[in-house]
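First chain A sits with chain B, and in the next complex the same chain sits with chain C.
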Partner chain A sequence: MIRSKLIQYFLYPFIAIMIALLIGALIILSGGNNPLEAYRLMLEGSIGTSQTLAETIVKTASLIIAGASYAFAYRCGMLNIGIEGQMLAGAIFSTWIGVNLTFLPGLLHLFIAVIGGILAGALLGCFIAFLKNRFGANEVITTVMMNYVMLFIVEYLVTGPMREAPEFPQSARVLPSAGFPVLIPGTRVNIGIVLALLLIVLYGYYWKNSKKGFEMRIVGENPTVANSIGINVKQNRMLAFAISGSLGGLVGSLEILGIQKRLLQNFSAGYGFDGIAVALLGKNSPIGIMLSSFLFGAMKTGGNMVQMFSSVPSSVVMIIQAIIILLMAIQVFSKKTKELERA
Partner chain B sequence: MWDFFIVIFRDSTSILLVALGILIMQLGGVINIGAEGMMLIGAFFGILGTFLSGYTGLGILIALIILAIFGFLFGLMTIYWKGNQVVVGVALNLLAEGMTTTLSRQIFGTGSQSTIQGFKPIFLGVSVMTYVALALVLALYFFLYHTNLGLRIRASGEYPIAVDIAGIDVYRVQLTAVVIGAMIIGLGGCSLSMAHMNSFSELMTGGRGYIALAAVALGQYKPIGVLLASLMFGASNTLQYHLQASITKFPAPIIRIIPYVVTIIAVIISGKNSKDPSALGKKYIKFS
Partner chain C sequence: MDPILRLKNITIKFGALTANDNVCLDINKGETHAILGENGAGKSTLMNILYGVLKPDSGQIILDGQEVNIHRPRDARALGVGMVHQHFMLVPALTVVENIILATCQTPLINMKKTSQRIRELSTKFGLEVDPAAVVKDLSVGQQQRVEIIKALYDSCKILILDEPTAVLTPQEAKELFKIIRQLNAAGTSVAFISHKMNEIMEIADRITVLRGGKSVWSARKADTNEKELARHMVGRDIVFTSSENGAIRDKKILEVKNLCVSTAYKKNAVKDLSFSVCNNEIYGIAGVDGNGQSEMVKALLSIIPKDSGQVIFCGKDITHDSTKEIFSKTIGHIPEDRLNMGVISRFFIFENTSFYNYRTDEFSSRNSIDWKKEHSYSDKLIQKFNVKASGGKAVFSTLSGGNQQKLVVARELDKKPRFLIAAHPTRGVDIGATESIRKHLIQQRDQGCAIILISTELEEIMSLSDRIGVMYEGKMIAETTPKEASIEQIGLWMAGKES
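So, the complex of A and B:
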């Protein structure tokens, strides 16, 4: 029993990662570059020095929250492909509060700015769930479309109403009082990582021990059964998507208040889509999400380093991630494919 | 007025082709969220093939072969290996994004695009691709409703058990639908990069694959319906360009939202009386 769990949670992901790295190596090779050199750069550029390790930790924090966001909706039987959009919504609100509500004192300012971001994400999530509940609108299409809509709204804001100076398409800087306090001086590591770890523990508790979590799991596995035993499917879906969206919004707040400090046109590093990968690789378990977030954070940081110091583009990391998701999704190694799953 | 229609047809062609590809797959019971990625791959390899071989036709052929391989893999992973169709589709999009970006930077360099002499407009101001797409609407109608394989595909999406009991290999029928569909989607990608734009740029599909998904649902899974829905989306795109050019006072990013909002509205409308095949997205396990 323990052995089979060990195989399922560690051996398969390990094999998937190895195969993905191998295919990545072939692609790097086909571009005329040395894959070993690229991977060495990636390793060094992600955990090699204290400075790069700090960057990896910063990214890990955002990834953990994004992963929890995807996993939350997934466990309730829905696919939130719109974390990216919810993140942008959160970023907009956090920036606005961080820049404009100058009268708030210190930590209260930060608190309100974060809450604003979370609410924006939650609102967007509720909107998607409402469309699904009321009209049967497929949430995959609506969330993807909302991603584009939010992207253009950000573009509009930073080139219009929220623009600071006519030279650059960016907003004003958020006040220091609304910034996430730095945890390790000299780096960008802020209390975001503490928040992320706290949230993932809560996430684990919710799905394992709480009554509501159990209800949502039934809705996710079989809505018909849930309905027949008196569980309100629509209400649970709404709640799950609201929480998923609010976590997405929180990633946006963290990104603005902790790292970028201002709204930029293309500030997103694609955490919304990485969140999906992280949740899949981690099999939606809290520890799995944590470990895979660290791995993906390291790959992201390392990928940038590879791009900087060699002619290998950082988009190679995307290929490796995609292959990991594919291998985890098909579970070709696993004998048990009868696991209850919906599309 | 005639010019306006021509522009609409030009803008709709790629969406129409992709939607037809999705149509045949989804009628076979396989959800294709990966259409965006397949389209991007088609757009890239069409250009790359033309760039390497020097012939437009050869470029398209190469794109179609690559797409057939990707379609085969997609079918293998979802139908035979029982991967969650939506998850595999999302991963395929990510893979396509990474692959085309990496390869185009390695081959064409960053920023610089390869300009390819694509299909020049030949008849009444519309490229050959548009006529191919319109011909495919009729061909697909005939294929789906008047051939054996078409019936089998539709039955596999609607009630796979019946197909299985009749002694037909459901998996193989679905795989065929997926491979054909992927190739048509690839053609849509080619039409975007070669007939519409004449070059490949990173992430040039810009959500058209998802818009095509909405077009299939809005077109109620009928080839003619899909045609009308695609024209509607093409028109919303045309409108967006026109507004951007004519109303300079209004901020451009807000105007660019139009096609996406139209898509959301379309999903809302088509969601209410959905004509989705009954077994769409469900994993079917054969008896034998």
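So, the complex of A and C:
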């Protein structure tokens, strides 16, 4: 029992990562480069120096929250492909509050800006759940569509109403009072990582012990059963998507208030989609999400380094990540079919 | 003549539990071989081994005189072994042809026309009436089972395994199935048949093997044995069914249903203007052919599906518009007709499944969090008290044998000490020993004041347990009687819609 769990949670992901690195090495080799050198650069560029490690931690924080966002909806039986959109919504609100509500004092300003971002994400999540509950609209389709809608809204805002100067498509800078306090001076590591770790602990507790979490798991496994034993399926879906969305919104706030400090057209580093990968690799468990977030964060920073100091393009990292996801996805699939036969 | 199939010394272990312990079984060509045993005796496990779903730790499978290795169901099918599982494995949203293609097609391209043709061919050959174009979720259980049988027979099959095929069938549908089995036998197909109903076994089997505690303990030809002897070999003692009777004063109407009307997406007026009431200390049996509105009525009573009109009164309070959650908070129990889709999550642990109705209570939780330790020991208590064969609360629900799953659901509902209980097919799939004890529990519950609605397709069960009987036909209660007043024949007529 315990052994099979260990295998499931650690061995398979480990094998998937190893195979992906191997295939990545072959690709680097075929491009006429030395894979060992590339991987050494990647390692050095992600955790080799305190500066690069700091960058990795910054990315890990966002990935943890994005991963928790995806996993949250997933455990209630829904696929939130719209974290990217919720993130943009959060970013818009946080930026606006950060730029315009100048009368708010210090930490309160930050607090309101973050809450604004969270609410924006939650609202978007509720909208998706509403469409599902009311019209039976598949959330995969609606969330993907909303991603585009949000992308265009951001484009409109930074080239129009929120534009600071006519020559650049970007908003004004948020006030320092609305910025995330830096945790380690001289780096970009801010209290976002503390927040992320706190949230993932809460996440673990919620699904393990809370009544609501148990209800949501039942809804996620079989809504018909949930309905028959008196659990309100629609309400739970609404709540789950609201929370999932608010986590997505929070990633946006963190990105704006902690890193970018202003709304740009393409400010997103794709955390919305990486969140899905992180949750998948981490099997939706709190520790798994944490570890895989660190891994993906390191690969992201390391990839930049590889691109800078060798002729290997950073897209190799994306290929490796994609292979990991593919391998994990196949595995989830094969496990399901086995269980079906067993039943 | 050599047997067509010989299972020799099959052993399989799940952790500490030996589910099959040196089991031996011979099946002859063209015979129906019944496999009998208590819940958890290892019948399904043995059949799953033969069908390649499970791999034995040791033992041999000898087919037509040759030892074979069966690694997966596909191998079994190629060797002419087909199986209809205890729980159906059809995709509800797909049509009959699509389901059969899904299970049998080996080529990269599918051929709808050819498959439909083959289905029709099998249909006419064995009297298995089904419409290949019908969507599975619109079919009755009996029809779905025919689809399963066609699926199993599709690649000409020498041995057909039927794992408790009659548990979900009405007696009429069971009769139909027996006809099919006889035709299969006549065509040379052997059938391995599992059932807990003695009368069925005595009717259809040629030979019988009894499993007990994972061992094959006894084998005989039907002609040389009788029901009593079978029961004794199976449980190791005689079974006595208690019948009802009690003298309590029934002065309170616990449940009153007035002019209930229910329609569903598939069926308009599934329940039509239905009225009845159940008193304290009373078992109200509802007889009727399956599909005459019984399940819609139950779901509507519990607000699982909406009511068109009508009123439901529980202990003097109107609960017509209460939510399912509110209804269950009033100590109402429900043994559902379809446990896997209405009562349990089979991928969850046992202790999670037994917590479904109490995790919100103060006893098992504090403010926001559930006390899983308490839930765990509670499930262990239920397992003990109701004699469920399980290694403990920490086992995954789906690893329980079918009958033990049912026993656990019954245990959970009875342990609520409900004031009102809906029991739909409470003994479905459980062995005779457990049937006896579930019936005893129901009667005990009644004697403590509980009002019970008993829904069953087995008239014998209704007759021996009920204090009053209502007969449902096309969504209406067309007759009300007591077991003393009416004969089985009379009720049968009512069930067929013949008012008199």
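As a convention for this text, the second predicted complex is superposed on the first by the 331 of 343 C-alpha atoms of A that agree within 3 Å, B and C clash if a C-alpha of one lies under 4 Å from a C-alpha of the other, contacts with A are read in each partner's own complex, and residues count from 1 in each chain.
The rule we apply is simple: a contact is a pair of C-beta atoms (placed from the backbone, for glycine too) under 8 Å apart; a residue touches a chain by one contact, two chains touch by 3 or more.
The model shown is predicted, which means the values in this text are computed figures rather than measured ones.
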Problem set entry | chain A: partner with more touched residues, chain B or chain C | B
For this session: Scan A:T159 for contacts with chain B and chain C and give back first, second, both or neither.
Result: first
For this session: Scan A:I231 for contacts with chain B and chain C and give back first, second, both or neither.
Result: second
Exercise. Counting only touches as set out at the top, which of chain B and chain C does A:V140 meet: first, second, both, neither?
Worked result: first
Exercise. Can A:I218 be said to touch chain B (first), chain C (second), both, or neither?
Worked result: second
Exercise. Taking the superposition as given, does A:F273 touch the first partner, chain B, the second, chain C, both, or neither?
Worked result: first
Exercise. A:Y148 contacts which: chain B (first), chain C (second), both, neither?
Worked result: first
Exercise. Which partner does A:I325 reach: the first (chain B), the second (chain C), both, or neither?
Worked result: first
Exercise. Of all the chain A residues, which ones make contact with chain B and with chain C?
Worked result: 341-343
Exercise. Any idea which chain B residues touch chain A in the complex?
Worked result: 31, 33, 77, 81-88, 90-92, 94-95, 97-99, 101-103, 105-106, 110, 206-207, 210, 213-214, 217, 251, 253-254, 256-257, 260-261, 263-264, 267-269, 271-272, 274, 280-283
For this session: Give every residue of chain A touching chain B within the complex, in rising order.
Result: 27, 30-32, 79, 81, 131, 135-138, 140-142, 144-146, 148-149, 152-153, 155-156, 159-160, 273, 276-277, 280, 311, 313, 315-323, 325-326, 329-332, 337, 341-343
Exercise. Within the complex, which stretch of chain A touches chain C?
Worked result: 205, 209-212, 214, 217-218, 221-222, 224-225, 227-232, 339-343
Exercise. Where on chain C does chain A make contact in their complex?
Worked result: 53, 73, 85, 87, 89, 299, 302, 304, 323-329, 336, 341-348, 352, 355-357, 359-360, 365, 368-370, 372, 398
